[in-house]
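Look for chain A in each of the two complexes below; its partner is chain B in the first and chain C in the second.
Moving on, here comes the complex of A and B:
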């Protein structure tokens, strides 16, 4: 019976909504095709910047996942991306292990780090969690600098092992980042339809109902943090590979805030185009404004406020417009 | 044993002095949080901007004023900034406190950028016009700076508690923190009380920044970094309790001092992280919270 209702409901879905979904999917595929062909058209420095942009897009996704599935805001995700980045860099420079092994390992470490952080903070929510992630972000550069025998301290490490020997390194950096970004967005789109994903969403929006169905909030929180930490670690791994160097200056408190800014600017979207918007915002704007660095925080701040205020006022505006149209 | 005590006593004393400053910062955060449920992440950056403004007004970079006039002018500017911030944030406050909190991050970024644009990334020094003297009491070196900090902190915090406990505005503030809906039904204007809290917090931030800067130097990040300890203090105090913020500030000051001296000066932020996580787990409502039952 309920199945019938569901299909009936589907058939009466607004046509324009369906068309919008189809065109969005076509747009995504088009964007992927463009991203795949771009290195043949643009110059070397752009290929490099776009590779870093893809890596940052993954980081933006990791923050957005936490917002979407956990309802929580983090300003400390540089911790997890640092875990990923240093896993790749240390395995590369100290042990000569290439990306094939270090990226899965980075993912695993990121998930473990996420869970390890989620456990002591499992009962915190809202601003309390935000503040404890802030402390997490602050501790990162300090830990990296002090473990300099392993991490290279201030100077950082240089990642140079090729993924596929014989192929041009700049192309490898670009395509590796793109491939991981695509894999993450695909994984997230599957998560949205999976049983686990729906459970997490239920635990976020109706905790009592989720409890009744046997999903404990603590479990949901730890799962979300694990997923988010893992994605952030992938971001770090790709930042290390696509950006070729890792150093503590890439994982400051401000970098963590910028990840959140990117996530807000992409309206917490989990799709490929949205992630690209966030990543581009974090990578390409500093590229354009490199001559006048002080404008970057101002611009980020204004963009952050702009998106938030637009999110607040746009529904009211459209409502008012609709009312006027209806009245006339 | 006596050697240990000899170290311990001055460490606790100087920790208390910096702790008072953390408490000033934390009180501002808590005031805003208590009534509008927003964590003001722009607090440190705006206070840093204010410290730079005082420097700019008194050193001839922007104007050439006496120290007192510069402070007065800066406080006016900071009140204007607080007003503006609240004007931007207030529509969000009533919708989602988390969104409003993110918005304050945006304001912090703008303040940071403005500081960089106007004053550059250079390091400057900003001194307090306090008498330079030091005496030794029980093997403890007490300087004019210490006494100034203590006096200013006691007067400021005393005045704040007086206002909140005994004036009409303070009662309105407490009513709104307790139950905004009921307070509004009784005819209180939420926005004006919110604005009062934001302005007081901004002024507390300026006072804290002014007092902390002489111990180090003034750069774009010093005051913001100092405010992060204030965050820790506020968290330990429970984020919704003014006396808790005071106790938390002093506790953080003393513990940080002891940790850097006895354990390691390099891991102070990590220590702070551990402290925050520990405090949030053992005392989720702050160290001064009453033990209450839960209704399920």
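Moving on, here comes the complex of A and C:
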């Protein structure tokens, strides 16, 4: 057996893996530093757009978690983000409760909503689960409009309470979203190495094996939906604060589809840079294309195709080029 | 420890899929401290019996008990928490996890830190992770796999993956260890290593059952052998008795004329 290990060249694999990990970590820290400094460099509208981009990046993470840990796809996560957004907005406008208290509540409500959805749908998977999440997405705007005495109906609600009194509101909206995004990516990086994370990953690929080692597949599904729902609610909470308004138009079926698109574009990554790619695709690319008028959907489609193809083939191309360089 | 009081037993186990009877009223007793072989041609019902014992299948008739306590109605996860673990005929490791992490799952059932520990760097969660890592590394070292601990399963040959599965099964110090074709895909030297490992694992408190097609392995390490054919036991006894049994020779091992 030891001979076998020797022929595998495991130490060289470990070395190259370590190098990759170090460079990825340095890149992430660099990106965080840039994000922290950006408001000092860019103008007000960009600070606002980047704040919304961070909030959307959290939403992208919520879908990616479901894919990575549950092996399932959702096209209805706007339901959970609406739960978070309206928790923050209603507590802010109706009861004057600031973000410090409303965000943890939004997270708790999102987790509960995820669990409540997961329980009846625990035996569904693949296309059947995706379609059942679609029902959530279609129901959200109607639920919001019908509860207009609480939600403000079509007009929505305006979130105005500062997080830290005396600090410029535009900066608060930016940094709060960035802080929550960083907290979520940190939490997810911890989850990956935790006992719960390991068992969830086994339950995704081999549910029978997970069962045989003490992890019930039903528990795994409910746990993943709870986590995903909680993160989506944080996305909604931050969309409400960073975007300052909450209305049904932000939680349509198309918004749910775009969360999935963002997740695909980020290759279901759960790191800060990957989430940013997804969030930027949802927020910044439409802004860049805004001058193109009627061509916006076409150009967006082309950009989407380009990013997906690059995400799919770039690692293989890089690997092939590395091999060629190594051979020469 | 009394081998009979700690036995995994089944009485009258019957299992059908539609109109097809897969297991026909089987009575079994797998004793602690022994290695029991379960052999038979393909389709004889060996894996189905494993699935009944671990709770993956619910037999239509019969009772299954461990150490005198009924296991009927318990889920596979609940049986795992009672120390009944298994390996799989087809390797069932997570491709997203390293070898070490896959093996760590084998001890997960012995730990119970809450969800906050999964997301935050709290002392209990960190200690749990370190303890799981230590146990998994020990099991890998016992099977000569320590060098592969940080590799992903995709990077390893099938024989090694089999051994990783066994490491995952034994790391939690189970009371019942059910191994489904552990030598499948192993070369001769790996099979010899496996035989030594299984013999080392033999202990007073452990019920070990091995489903295997490799007759050399079964005959060398097993204390008792059950021979299954078309859902019925055709023989049961020590390896030498089974080897001489005319029914076994006819249906499974082949006659002298072959």
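What we mean here is this: the second predicted complex is superposed on the first by the 276 of 328 C-alpha atoms of A that agree within 3 Å, B and C clash if a C-alpha of one lies under 4 Å from a C-alpha of the other, contacts with A are read in each partner's own complex, and residues count from 1 in each chain.
Just so we're on the same page, a contact is a pair of C-beta atoms (placed from the backbone, for glycine too) under 8 Å apart; a residue touches a chain by one contact, two chains touch by 3 or more.
Note that the structure is predicted; figures quoted are calculated from it, not measured.
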Next on the checklist: By the touch definition at the top of the document, which applies to A:63: first (chain B), second (chain C), both, or neither?
Outcome noted: neither
Next on the checklist: On the A-aligned overlay, A:275 touches which partner chain: chain B = first, chain C = second, or both, or neither?
Outcome noted: neither
Item to check | Contacts of A:309 with chain B and chain C, given as first, second, both or neither | outcome: first
Next on the checklist: Output check: A:120 vs chain B and chain C. Expected answer is one of first, second, both, neither. What do you get?
Outcome noted: first
Next on the checklist: If we overlay the two complexes on their shared chain A, which of chain B and chain C does A:242 touch? Say first, second, both or neither.
Outcome noted: neither
Next on the checklist: Once chain A of both complexes is superposed, is A:83 in touch with chain B (first), chain C (second), both, or neither?
Outcome noted: neither
Checklist outcome for this item: Seen from chain A, its contact residues with chain B in the complex are 73, 75, 120-121, 123-124, 126-128, 130-132, 134-136, 138-139, 142-143, 145-146, 257, 260-261, 264, 293-305, 308-309, 311-313
Next on the checklist: Applying the document's contact rule, which stretches of chain A touch chain C when the two form their complex?
Outcome noted: 1-2, 4-5, 8, 10, 13-14, 17, 68, 187-188, 190-191, 193-199, 201-202, 204-206, 208-216, 219
Next on the checklist: With touch defined as at the start, can you tell me which chain B residues reach chain A in the complex?
Outcome noted: 33, 39, 41, 88, 91-92, 95, 97-99, 101-103, 105-114, 116-117, 121, 228, 231-232, 235, 239, 266-270, 272-273, 276-277, 280-281, 284
Item to check | Complex contacts: residues of chain C adjacent to chain A | outcome: 54-56, 75-77, 80-81, 85-86, 88, 92-97, 101-102, 104-106, 108-109, 111, 113, 115, 117-121, 125, 128-129, 132, 143-145, 147-148, 150-151, 155-157, 159-160, 163, 168, 172, 189-190, 193
